[in-house]
Amino acid sequence: MTTDVILKIAISGVLTGLIYGLMALGLSVIFGVVRVVNFAHGEMMTIAMYLVIVAFNALGLDPLIMLVPISAVLFALGYLMQRAIINPFINRPEHSQFMLLVAVALVIVNALLLIFGPDSQGVTTSYSFDSFDVGGIIIDAGKVYAAIAALIVAVLLFAFFRLTLTGKAIRACADNYNGALVVGLNVKRLYALTFGIGAACVGAAGTMLMIVTDVTPAIGPAYTLLAFVIVITGGLGSMPGAIIGGVLIGLTEALGGFFFTPSAKSMFSFAILVLILLFRPQGIMGRKAA
Amino acid sequence: MALLEVSGISKSFSGLKAVQNVTFDVPEGKIVALIGPNGAGKTTCFNLIAGVYQPDTGSITLNGARIDGRRPDEICKAGIGRTFQIVKPFAGLSVLDNVVVGALNSASSIIEARRKADEVLEILGLAPKRLQPASTLTLPDRKRLEVARALATQPKLLLLDEVMAGLRPTEVDQIVSVLLDLNKRGLTILLIEHVMRAVMALSGNVIVLHHGELISRGTPDEIAKDPKVLECYLGEEAL
Amino acid sequence: MKLLFDGVSGRALILLALFFAVLAAAPLFVNDYLLVVLITILYFAYAGQCWNIMMGFAGQLSLGHALYIGLGAYVTAALYVKFGVSPWIGLVPAMIIAGAVGAVIGFLAFRFGVSGVYFAILTIAFAEFARIGFDHFSWVGGAAGYFLPVANYTQNDLLNLRGSQRMFYYIVFAMTVIAFIICHLLLRSRAGYYWLAIRESPEAAEALGINVFRYKMYAVVLSAAMTSLGGVIFAFFYNNLFPEQVFHISRSIEIILGPIIGGIGTLFGPIVGAFLLTGLAEGLREVMLRLGIDLPGVKQVFYGLCLLGVVMFLPEGVWPSLKKKLGLDRGNEGS
């Protein structure tokens, strides 16, 4: 019985972790290419989450249907943000970029607070109370759908970077900025595209997360932090690392929350962060710097 | 015993052998030049001596004491000052304050450090610009500032990494005469240099690196006649 | 004394003396409401000055300074409430604990080359860790909050920091002045020169014989310990502590807004920034009150927009350009 419960918790943690992984993937992609740390990452995700609320409450649209449209909206938001405010900061010092995004994050959190109020909101889908029974272990259907969708988006993203010309051009920019300029790539556009893609990831992740959890305006910074913890854990600049890190953190939080108290669950991910920084600073999938 | 003794040092970066089994020494009071085509491993050699990298094999001694594996700041304290090929001024600080930071390495108070810094600035001709922010300096002045800062640490051995690059011939001559003067006062110098005019004027002792290996050493005349050097280096760059 | 006034122009000294004189006399002229606003301003000026040691001098971005405020607040409050220890004694363990925590964070980060933005993430992580930790730390009230006994004090009890707002004003004022002088002296010390060198180029600093790790640690420990004193004031002025408020990331951001807006790395930046920011925020509050609007979040949106504007259009902050206007721009940085 207890093993079943623990297994159920663990599976649920892994499924949530896949969604976290997709969120972190967005951060990793933006950092890997544009070299800007998106400190407004979690806040951008809360925008997506509130879009789900609006679509659901006003039109009764299921989050799974909204996956593509909301990702598209976030893509546009990311693209415009890069073009309008982040691009002039590309060559500014790191802390200056960081502060810019702190400001953006601050505005997003509190604009959402102004619009939607401080209370937590969620959606109840037709499959909210469904579950699968796998050999006696009960698994929430919504979590399974959301995790599968997240995984599909991640795989599509891998394929995009490996197989398409644009994807390869973006990777070229990441490898060698000046080289990319020399061979005539439109780096500015590619940067905006990358920021858009990163934002779309977080849009997709936010949409899927709404199947699993509720949202408040104030939750943004916690997700930003979570994304950072995952990216550092998985290894900077490693796309598989982000997913693996996400799963690891999802699992840790679920088990930590189960064995101790749910409200203290994020302490365990911080503990992992500290351990990683101590013993494997390059992250699980990261390569050692020369 | 030479002031600096480098014996059998090697360093590779992810499989690429940047420096291979290099051995040479720098006798006290001498000026030694390290030359070689681009990518020969000269700067890596410097970084190994200055403690930025640890050598994979071999040893480095200063006055007989091992310094390989020590941190850059410890090596500076041990008596080696260095400049960077790509200059790294403290851009937000004044020229004077840049040099004061270096002088504090040996000075016991700020006032003493300022006095020392002023002396060094005078020697390098930067005194008129002492209150300017370092960010406003031209490249030749930044190179001079690099030298001034390293010199202010009061090293026994000064490592200069291409401080003449990009300078006009008259400016090269100025620095050369400053260095010769410092050498006369007892400073030992190891320099990486592409500007042959400076190498010839400064150094009786030249070491040639190629593909990370030491291929020749001797006086400028001797190495100019060495067929190995001619083949790898002088042939392509036409002295 | 020579070191204190070295490189400061006479004109600057007169203006400075005038400025501090006005602040010293302010409680005689302002009403209670304005006095509280002034206390808030000076509190932020003090905390900002402490943060500036790390970021402005040594170039290490901390986004978790609420952690040190919180530690200072909880330690002195707990010692006072549980054991009747005067905050003046309690501040010693508070500073030691905050400094030690700063040292742990610094050690973790600097030993393993975690720098820049990743260092900032680590500082947030620790502050969040503390927030959640104190939420479950029932000895000091947990999430339900921790309260200091409040009564009507007819007399100022300076020993136990119980008393009128005027007393608090003078304490915060003194702290601000002392922090200002400490920072001024630090900038003229070996550590100050080394910090600026590390901020500008760690590689070059190392090559000049500076033990970069050690001096970064000094900056973190000093900044953390000094910041915790701000927490003492926070605890004894507000008399209640909630982990969700004290350690929250928005507290950390509030602390750093002043110096950023005023000018990172300058001595007056934190003070000017605190005046501007709190002044404008209070003005905004007043306007909204008159218009009968009561919405949460407006102040923070305003903060965000201010920060956005300053970072985009005044990357050096307000003070450097203000300094020019006042004709104080000559030679030495900061003052």
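Going in written order, the chains are labelled A, B and C, and every chain counts its residues from 1.
The rule is simple: a residue touches a chain if its C-beta (ideal position, glycine included) is under 8 Å from a C-beta of that chain, and two chains touch if they have at least 3 such contacts.
These figures come from a predicted structure and were not determined experimentally.
Asks: Report the topology of the inter-chain touch graph, choosing from line, ring, star, complete and other.
Replies: Basically the chains just string along in a line.
Asks: What pair of chains has the most C-beta pairs in contact?
Replies: Summing C-beta contacts for every pairing gives the maximum at A-C.
Asks: By mean C-alpha coordinates, which chain is most distant from subunit B?
Replies: Result for the farthest chain: A.
Asks: Determine the chain that sits nearest the middle of the structure, using the mean of its CA atoms as its centre.
Replies: C
Asks: What is the distance, in whole Å, between the centres of subunit B and subunit C, each centre taken as the mean of its C-alpha atoms?
Replies: Distance between chain centres: 43 Å.
Asks: Return the distance between the CA-based centres of subunit A and subunit B, expressed in whole Å.
Replies: So the centroids are 48 Å from each other.
Asks: Provide the C-alpha centroid distance between subunit A and subunit C, rounded to the nearest whole angstrom.
Replies: Here the centre of subunit C sits 33 Å away from the centre of subunit A.
Asks: Mind pulling the subunit B residues that touch 2 or more other chains?
Replies: Not one residue of subunit B touches more than one other chain, so the list is empty.
Asks: Taking the touch rule as given, give the residues of subunit C at its contact with subunit B in the complex, in rising order.
Replies: Result: residues 3, 188-190, 193-194, 196-197, 199-201, 203-212, 265, 331, 333 of subunit C touch subunit B.
Asks: What does subunit B use to touch subunit C in their complex?
Replies: My answer: residues 50, 52, 71-73, 76-77, 81-82, 84, 88-94, 97, 100-102, 104-105, 110, 131, 149-150, 153.
Asks: Using the touch rule from the top, collect the residues of subunit C that touch subunit A in their complex.
Replies: It is residues 55, 59, 61, 63, 108-109, 112-114, 116-118, 120-122, 124-126, 128-129, 132-133, 135-136, 249-250, 253, 260, 295-298, 300-301, 303-305, 307-308, 311-312, 315 of subunit C that touch subunit A.
Asks: Give every residue of subunit A touching subunit C within the complex, in rising order.
Replies: Interface residues on the subunit A side: 37, 39, 85, 88, 92, 94-96, 98-100, 102-107, 109-111, 113-114, 118, 217, 221-222, 225, 228-229, 232, 261, 263-264, 266-267, 270, 273-274, 277-278, 281, 289.
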